[in-house]
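Quick one: the structure is below, questions incoming.
The first chain written gets the first letter, and so on, giving A, B, C and D; residue counts start at 1 in each chain.
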Amino acid sequence: MNHDFTIPSLGDAKIESPIPYSQVRGDDLANYVNDNEMVIFDVNVHDAPVTRDYPREALIECAGPRQRIFFPPGHVHAGIVTCGGLCPGLNDVVRSITRCLWYRYGLRRITGIRFGYPGLLPESAQPTVELTPDFVDDIHKIGGTVLGSSRGGGNRTEDLVDAVERLNINMLFTIGGDGTQKGSLAIAKEIDKRGHKIAVVGIPKTIDNDFSFIERSFGFETAVGEATKVVSAAHAEANSAPNGIGLVKVMGRDSGFIAAHTALASHDVNFVLIPEVPFALEGDNGLLAHLKARLDRRQHAVILVAEGAGQDLLPENDATDASGNKRLGDIGTFLKQEINRHFGEIGMPVTLKYIDPSYTIRSAVAAPTDAVYCSRLGNNAVHAAMAGKTQMIIGMIHDTFVHIPMEIAVSKRRTVEPEGNLWRDVLEATHQPVQMV
Amino acid sequence: MNHDFTIPSLGDAKIESPIPYSQVRGDDLANYVNDNEMVIFDVNVHDAPVTRDYPREALIECAGPRQRIFFPPGHVHAGIVTCGGLCPGLNDVVRSITRCLWYRYGLRRITGIRFGYPGLLPESAQPTVELTPDFVDDIHKIGGTVLGSSRGGGNRTEDLVDAVERLNINMLFTIGGDGTQKGSLAIAKEIDKRGHKIAVVGIPKTIDNDFSFIERSFGFETAVGEATKVVSAAHAEANSAPNGIGLVKVMGRDSGFIAAHTALASHDVNFVLIPEVPFALEGDNGLLAHLKARLDRRQHAVILVAEGAGQDLLPENDATDASGNKRLGDIGTFLKQEINRHFGEIGMPVTLKYIDPSYTIRSAVAAPTDAVYCSRLGNNAVHAAMAGKTQMIIGMIHDTFVHIPMEIAVSKRRTVEPEGNLWRDVLEATHQPVQMV
Amino acid sequence: MNHDFTIPSLGDAKIESPIPYSQVRGDDLANYVNDNEMVIFDVNVHDAPVTRDYPREALIECAGPRQRIFFPPGHVHAGIVTCGGLCPGLNDVVRSITRCLWYRYGLRRITGIRFGYPGLLPESAQPTVELTPDFVDDIHKIGGTVLGSSRGGGNRTEDLVDAVERLNINMLFTIGGDGTQKGSLAIAKEIDKRGHKIAVVGIPKTIDNDFSFIERSFGFETAVGEATKVVSAAHAEANSAPNGIGLVKVMGRDSGFIAAHTALASHDVNFVLIPEVPFALEGDNGLLAHLKARLDRRQHAVILVAEGAGQDLLPENDATDASGNKRLGDIGTFLKQEINRHFGEIGMPVTLKYIDPSYTIRSAVAAPTDAVYCSRLGNNAVHAAMAGKTQMIIGMIHDTFVHIPMEIAVSKRRTVEPEGNLWRDVLEATHQPVQMV
Amino acid sequence: MNHDFTIPSLGDAKIESPIPYSQVRGDDLANYVNDNEMVIFDVNVHDAPVTRDYPREALIECAGPRQRIFFPPGHVHAGIVTCGGLCPGLNDVVRSITRCLWYRYGLRRITGIRFGYPGLLPESAQPTVELTPDFVDDIHKIGGTVLGSSRGGGNRTEDLVDAVERLNINMLFTIGGDGTQKGSLAIAKEIDKRGHKIAVVGIPKTIDNDFSFIERSFGFETAVGEATKVVSAAHAEANSAPNGIGLVKVMGRDSGFIAAHTALASHDVNFVLIPEVPFALEGDNGLLAHLKARLDRRQHAVILVAEGAGQDLLPENDATDASGNKRLGDIGTFLKQEINRHFGEIGMPVTLKYIDPSYTIRSAVAAPTDAVYCSRLGNNAVHAAMAGKTQMIIGMIHDTFVHIPMEIAVSKRRTVEPEGNLWRDVLEATHQPVQMV
């Protein structure tokens, strides 16, 4: 894994920051951050004692306010866009970026793009929104995104850059997932090709928590909290009916983090099914057999399934959504049917209640943990852009906010490691078999 | 900082674990953890490129189930004790330890000590509690600790070891703070001196989040969530009165983490006062002057003060509590009086509402984020004890559960770094002056 | 409306109550209630001045502890059964009945029937549950019903009475809806025919709040609270997408109370559709036209539909469920399809998110308002049964707990009056047209 | 109790309402309300059969929109003022009044007075606020009052009327308690004396729920919900310490409704102390003796005390607050001291935690139940004022919104009846002695 973590820059940062921090360590005053403050990515050691070399490009740059910035604050016009599916905390991030730009750097031109990348396209009739502290002050109290969002449009690079130029934006914040950041990278490269000095900084958004090089994505803890409440409901349903089965589907296209954490938080789940761990339905070691054993033993059961789990069990389909993601088969409905069919066939009446709470989870207001995180993500994104950094996203590694090149960030997804300690703790909480194949 | 992270052991672990995990990487089955899986503690680099040597004792051992364990499960009698002040998640940890012992290792003798260390002392009339899955199954739905807790008693090492021997316990889990873990270490050393094979494993409890070598302590996120609600109330009060001032005191004897995170989560705080950052009341750059300026500008203000802040402003006192902690002066009441006095003197009527929510915060039910964490802490504590580890606590470093020698863990406290990025983000959220002295 | 509100009785109440209340008014001690304490049902007057005659049978008997009771507490064996769909507060009622029987009247034989009426039938293999304060103490903290519930079985009167006799129960509490109470009435009449002295007292359960003669049913306020959260989510979804439409289906087979109250609580609903008020889809004054006008004006809309609304728009079906209720067509899915079809046809892209939160609503833990109410319902049910009252349910009229004959209670449903003040307030909150036909 | 419920009027209502309701019953369209729709107040009967005469003035007028109104909407300037202590739902009421005036009657001049009656006084420098739908749309999501509030000023009748005239207001909505409504009545009478046509309509605000002739006051259910959470905390504290005592003080100057309902909702309270039921501390039947018995039996106890309880036990004081209310002695702190003293004296160590959550309760956001109620109160207040009604408040009796003359409403307080069913149900829930004197 030899990544180059060097962050692209628009040029030398020569302007004195308007924020009055200290340049010296030891005076007990808050400090600027230097470009040579970095963190080690890989902390695991299996072969002590050991010696490791850390060349500069293998280290990850710390985020934070720089003493010298690239853009003269009076001449900056910042744009913010939110893309893709909803995620708790979107408004918190928009709020934090706006307030940091306004209060710390003195910007007065901050423009919100409506409804994602498509809002920038020539055929869009959407007017933009002028963002001010007044506008954003209370938006963290409502779910969704005040800017609006939608999928797609991110591949129309030239049109998007045209629009950015037309709006005279020289600092673009893109809040979105994998697809959005791929689009951002293409935009930033096209900008570079055209010779413009426009910073493009991404704030990674993935409710699934599956961005590489990022310990935790905003909205994830809120999602787990909301999913936990739903599992309680499913448990109450299951527990109140003879052979009651509660089946809950949660987000998780490629990664089962929400399902895994929810199972650990709720204490009520008996089977967790995630994309990373294949399972069979039929057979002595299949889900249906284990489910029957559980019902025989305790008369009720709760199953938590990530939307991307068990796709191999479903009929083939080749559909994609507007963001270009493969459209998943509906594993929840499939399991519901198969479980009902199976217990019908063996003459064992069950009462299955299926809950798909996706919309109520993703549109929730950010829980305090996420509110803190979003607030800090936004600040650090602003500091990076003002310093002339570009083609990068803000991440958190080892509890430290860092800059990560978009190129690397979009290269692969983070998944639940079936041999790792998170999944093992799930097995210990659910007592489900290590394998169901 | 040359610490020796080597974990003391009761002896060779020769017994095959009853938990059926895999020993090979790559078979997609959950694995045992080996003693040579370790993490690097210090990830910060300021001087790239650099080469670093990692001797074994400088690395921190990963937690998790070992393939070979020290204790024959059929002969283990485990004891659990909760000590000191309440903290969200205590019952989650007791539940998790009990269930892991019972279901994963097959233990049938698990004893809960009532009301902390004093419950072990000869003069105590408290009967112990037999812990079973039935007993613990729903305890995470209530706050406090079902075992009861109290302060003190931890320095009566010999009596405590006598009691442990009398109860025939060979595995003791101590859930408690700094003082508790100092007591645990003394107990473990006395046990060792007497030549007994009794594992003593601590689960660090500090609602203040101020344990060294531990990124995050259980209950902390819940506390921040609860404190955030209280700040909302204080803000509503302040905002509804002419020159309204909301003053909230939160926990934080030596470290202002709760105050700092709450300010970031709530978006409503104008002044955060923490033990690590001194402030003056009087003078052009003192709190009162800045508070007046804020009221002149906006007519209301919210102040969030950690209990340990501004102790230098208070009259001397030498009292200590039963845990041996210095009894703090009451900064909340002091500020209330001083602010009312000051504005009375300058003839500017203010309406100050003071809220001290400590008891409702510390007795809250664990939020999902903490529930997940407690569940995993408990599991990992059990795995460590079964493997014969002792004189250690379970911690989390770089998102990895680890073993930390008690000796090191109790050596100093973690504090908010006034020059670090957390405090800087607080300044950016509150717009309070970098210094008020 | 000439109802006879006389409550059937098992015989003279000659036994001194073990509860030490006072018999005199004015001594400031809590009193017994006399059978001649009654309330007027109809409080509306349109033609003042007026004189009204109140014969005894037109007045409704107040609930509460009687000084003399029918059953000798030492010889009572009480049974409790929960029937039909889940409803917040079921466990609170079971808890309250059990505790009042145990602590106030000293009963020691209280039996919980598992899974509704079917649990009493000869073919059932379900063992009963012994109810004690220990068993019920914390059950109000979980949703669903600890006794389990299921539909149907209520028409097997003879089998049910056989079972009651076999269990030697002389006091049966039936917690359930309209169908359940019809079953209870038949059971009580059959008991009477057989000459047994068994009290049958119902606690009316209808999350729809549609029991006649009952101002408010338990669980209703909780349901409204939960539905309000879901509407917030739907609003966030709608507001975050171009031409976003949030569509939420809530309970309400024959009565739109949940939908009406939720619209008033949430402030975010633009169209409320209930069974009592017909609406057209098509035409200038149909829902689709008004929805389009709303989208043109504001670009987003929220629709809240009760499950029984618009059934005339759906294809015919004759199915019934196990409780004998007509199976409703799925108006939510139908509306989703029709709206998408319509806007597709007129070439106006919309983003519709449909949420059906039924299971999470009905399995919620009772909100405090309902907890108070359930606690009092249970107490009053016990007092009635101990006094030898039978064939009656506990209700609340004009803020007073009362006894209502089952015969009357099941005779018709309560509905939202389209010309009444509740619906008018909904129209004022949503600004939807008075008529959409 | 021969009250005259006739509502004063500014004159004939001759103007056609702009709201298009129906005038006929039976057409299934929402109707106007006529002045001759009334409700019977007293529904209790002890002496059936009985005949009752209802003269018009003994009946209570129903609230709702009239077909003919007094004020030409285009010429109305409405003012809204919030007075006294905070209460959940204040913003909901302001919102509802504003929206109903704006959208239903087409008003465009709605003025918010800042910080209560004092904001109207000549010495006030407070500018008023222009209220529009945009301004009020999201205010129900925050606690407190956006208008600000304060005590006092209500007795400066002439100055207040001068101010109302100066502002050219012809419709004044006063949201406040007993004292506020006495002030409103004086204002309305002075206005009448001066011969002006200005409607004064009150919305009764009392978190204590102690307004006469009003079944339920807004904010009360929210307060109970919040208090219930605090009692859970107190219970967790009590239950976690040896001889732990949780002591919670809640609002309730003259009436113990919050305490009574909270005890019923929480299931965790052992002693409820309210102003209406005297109790002794000392003696065999005093609180301390019963508390000791409880501790001996169960080792923990929870006490819930209303702020006005036990005032006879406290040292005399004659202070009053700015609203003219007698300043209560602090029963909470007194009990804390007395309990600690007593158990100290008898050598029985206890751990008492005292919580006074007043500010967090009264500044809470309205729960859904209250949100519905506030929304309807506001609408009905507007309809009354537009119809030229004055010197009245909006109330709810027998689940019907009604008009009540201020003269009657402020004549006495509603209290918990020690011999009534609410207090009896509290005794059954807590098992506390019927008397402790």
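Heads up, the rule we're going with is that contacts are C-beta pairs under 8 Å (C-beta built on N, C-alpha and C of every residue); 3 or more make two chains touch, one makes a residue touch a chain.
Quick caveat, the model's predicted, so the values are computed rather than measured.
Chains that touch both chain B and chain D: A, C.
Residues touching across the chain C-chain D interface largely coincide between the two copies, over half of the numbers being common to both. Here the CA centre of chain B is 45 Å from the CA centre of chain C.
Remark: chain C and chain D have CA centroids separated by 28 Å (rounded to whole angstrom). Chain A and chain C, compared by their mean Cα positions, are separated by 42 Å. The multi-chain contact residues of chain A, meaning those touching 2 or more other chains, are 142. Across the complex, chain A is touched by residues 86, 114-115, 126, 142-146, 148-150, 229-230, 232-237, 239-242, 244, 351, 353, 355, 357, 359-360, 363-364 of chain C.
The part of chain B that touches chain A in the complex is made up of residues 20-22, 25-31, 33-34, 36-40, 43-56, 59, 62-65, 95, 100, 103-104, 140, 215, 221, 224-225, 228, 261-262, 264-267, 277, 367-369, 371-372, 375-376, 379, 398-401, 418-421, 423-425, 427-429, 431, 434-435. The residues of chain C lying in touch with chain B in their complex are 138, 141-142.
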